[in-house]
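Can you keep this structure in mind? I'll have questions shortly.
First chain written, first letter: the chains are A, B and C, and each begins at residue 1.
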Amino acid sequence: MSTTTFIRTADLKGLVADFNAAGIGVAGPARTSDGAVDYQSITSFDAVVLDAQPRNSLKQFFLPPTEPLFKYARQGQDVAILEVPMSFPPRVLIGARPCDAAAVEVLDRVMNWDYKDEPWFARRDATTIVTFACPGGDRSCFCTAVGLAPDATRGSDLLLAPAGDGYVVEIVTPKGQKLVDAYAKRFATGAGVDATKAYRDTARASVEGHVPARPDVIRAWVETHFEDPFWAEISMRCHGCGGCAASCPTCHCFDIVDEPETLTEGVRRRNWDTCQTSLFTMHASGHNPRHDQCGRCRQRVNHKFAIYPARFNDILCTGCGRCARTCPAGQDVTEILTRIVAMATGQGGAA
Amino acid sequence: MNVYQPFRVRIEERIDETADTRTLRLKFLDPDIAEKFDFKAGQFGEYSVFGAGECTFCIASSPTRKGYIECSFKTVGKVTSAMKDLEVGDVMGFRGPYGNAFPMEQMHGGNVVFIAGGIGLAPVRCVIWNVLDERNKFKDVTIVYGARSVADLVYKRELEDWGKRPDVKLWTTVDPGGETPDWKGQVGFVPAIVEKASPKADNSWAVICGPPVMIKYTLPVLKKLGFTEDRILTTLENRMKCGIGKCGRCNIGPVYVCKDGPVFTAAEMAKLPNEF
Amino acid sequence: MTELRELARRLLSEGTVNAVLGWEEGPRGARPAFVTTPDGADRLIFDPRCVHDLASYLSPRRPHLKKLGKVAVVLKPCDARAVAGLIRETQIPRENVVLVGVRCGGVLADPESTAPLSETTVADRCRGCPDREAKLADHVVGTAGAGFPGPSRRAQKIEELAAMPVDRRWDFWQAELSKCVRCHACRQVCPLCFCERCMADKSLPRWIESSPHARGNIAWHITRAMHLAGRCVDCGECERVCPEGIPLGLITRKIAQVVSDRYDFRPSDDPAVPAPVGTYRMDDPQEFIL
């Protein structure tokens, strides 16, 4: 068991005020103008909404929808490359969900695969993730089927769970410890982890059983059923809109584009992209190796549940269920995974 | 300097290979990088025109020839069109080298058969140069190269040089109807010419690159000649952005072309799903 | 519902069509269904949760559905307007599709909703909708409620925006469009975004920057609005799918108002009415041409 401490709700509010005063950026789940909850910049803990899963994930804080990689300036035949700063102001993400915090660490694998992605890790270094144990989810949640839990500490620096007039604070990483030390007066002795057991148990019960916890079975089936009619069947309803990828905490595919600002100057940017579109794999010649939606639907499942596990021994999914909630056509990852397990274990085939 | 920031390279020379294919010889602006830069035969890079974007090609020159790199490209999209507009002296970007390479050391002491079609000669040419520059490390060298027509043959001066060498067996061919009155090479499709050339399979390696249909019909010929799948090497291309395993674009089933490739054996290719 | 299922079963068993596109019960409420066997017809449902515009699946931009061959599609009156749009602009031949109209008195905003249909729960776009059944349909089934009176809240919001000083309206749209991540989901689900290659995907030249910054986002949404002038049927799919919650319907509705006021065109389910973009009349307003 990691070290724990305690923080009263009033001190949590004070802590956010301390961050503001120290010039540390704070972001957390808060209401948007259209009534949804998004992770966004906040200035007061009062704005934080903890009882709804945010519509977006945390990935934007590490891999923004668009970011400059460098700038260039042409002078005659020459070109000057102007580096963009790879250091970022400190930020605390408060009220993160365990599935979203875990996703960030899952992505550290690919972002550090032989080549270090500096923009990603510079933001990682500057950010402290203060996660709140999840109160429980809906029918699309399945974190426990991918090795996580509503109170998983993975990817978090601190994990808070409610108890009495405040929160039991689990110190998960040295970075979390540093934060507690720096604001020691805000933390106190209080209830221990045991006091949060009922809360954690309720949350766990709410997400269990939505997908069989058989990631190895899923992986083995996907690896051996590339041409299965199942993919064509599920792809029929898919519009290729990529809403699943945009809302996904682990979908990280990106595009690199040049955008001129003037005749001689411009920016090379990295932008979010999605494997659900035709353009993603289309060659300049017009040849498209992944030529229809069937292959694209398969790719998303394959990447998450087979390719990533084979490569990094990690599942590229944290069971947050956003893709199912966001899909305009009712494509549902819990159903897909459940059916794969059923097919793999001989209890059903393509409908 | 982050991993997505390219080296600056200057165009030293432009060679028009065909009506729509050009070779650029590029030199690194920074003398330090020019000195240190090294790569292996078969590796690729991300070439860029500032303002247009990046594009993926193999390095078409040989690592045995230091101080510059070359790329050959066909004008098809946004970046290659912008590359076509560049002049000698213009500065481009280059990131790399990325990916795996041909197993040159393993190939030492063996015969090598090169088979290429159209602009597929570019990645093969890198290996041909490498082999010819270390000629004593290899036994028989056979090159079979074909294009649609005489006008579509790339690296014409080098074909001439290779043809003159007594230690290279060169077979050039054009598709029926693509010949000119003074054409002295073969007329016919690459698989048939490979069969005609009939290189021996014993202690041999085949390096093949070209249009999918050429590869499809050449593989059975090579197998008939006795080549085993682990001795047939090819290089794949797929749309890429990062080149370093992050952007998620170049998967063929479980394989990342940018990290596991671009060089694959026919045995590895046979295991890949039909997604390229 | 029995009527719908029986009809679908007959169309499939007689071989009139290879598939019936309708709605089924999914894990999270109603969702599109592709029924390819007569027995599968029992999966079909229709109720106020069936908000999806299935006409999107008829778009020629869905090559993976071409192999289904001839299909029947279940349509609400608003969806029929989209099918008429596709026929009007020669995207699909009328004879290639069997249209099954369902009578409709409005749908909910959300296919997951469990609330009964009421003045407060009805989708905003259904307020003031005059159509109870699709005239274009080959078959019409079901019964319809009375519908809901207008004006929609959105129409009120459009008036409110129109009354704003230009700089405040600009601020409003800047704030809304700054949320856009350029996933282009709005385009992908749109039944009338039928271009084989979207202008936003073209790179020679790059007309619209693909980056989700203010410049690229505004260029994209203004272009899309213009391209949907005289096409948008107000199915609401773009707004429903937007992962950032941008009120895209305000844009498309405003444009539709302009087209209605100036060119006397309102999308109907009559494909014989010529498309305003493809028609020139001597009395067309043209004072904007300098």
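By our rule, a residue touches a chain if its C-beta (ideal position, glycine included) is under 8 Å from a C-beta of that chain, and two chains touch if they have at least 3 such contacts.
The model shown is predicted, which means the values in this text are computed figures rather than measured ones.
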Chain contact topology (line, ring, star, complete or other): complete
Most central chain, Cα average position: A
Taking each chain's C-alpha mean as its centre, the one farthest from chain A: B
Centre-to-centre distance between chain C and chain B (centres being mean Cα positions), rounded to whole Å: 49
Distance between the centres, which are taken as Cα means, of chain B and chain A, whole angstrom: 39
Inter-chain centre distance, chain A versus chain C - centres from mean C-alpha coordinates, in Å: 31
Shared interface positions of chain A, touching two or more other chains: 255, 257
Residue list for chain B, restricted to those that touch at least two other chains: 77-78
List of chain C residues in touch with chain A within their complex: 26-34, 52, 56, 62-65, 68, 111, 175, 181-185, 188-189, 201, 209-213, 237, 240-241, 243-245, 247
Partner chain C, residues of chain B touching it in the complex: 77-78, 81
Contact footprint of chain B on chain C as seen in their complex: 203-204, 206
Chain B partner contacts - residues on chain A that touch it in the complex: 69-70, 72, 74, 77-79, 81, 83, 86, 110-111, 113-119, 223, 226-227, 252-258, 260, 266, 268, 270, 273, 275, 280-285, 289-290, 295, 299, 302-303, 306-307, 310-311
Chain C partner contacts - residues on chain A that touch it in the complex: 32-34, 36, 55-56, 65-66, 139-140, 232, 235-237, 239-243, 245-247, 255, 257, 259, 269, 271-272, 274, 277, 279, 291-294, 324-326, 328-330, 332, 334-335
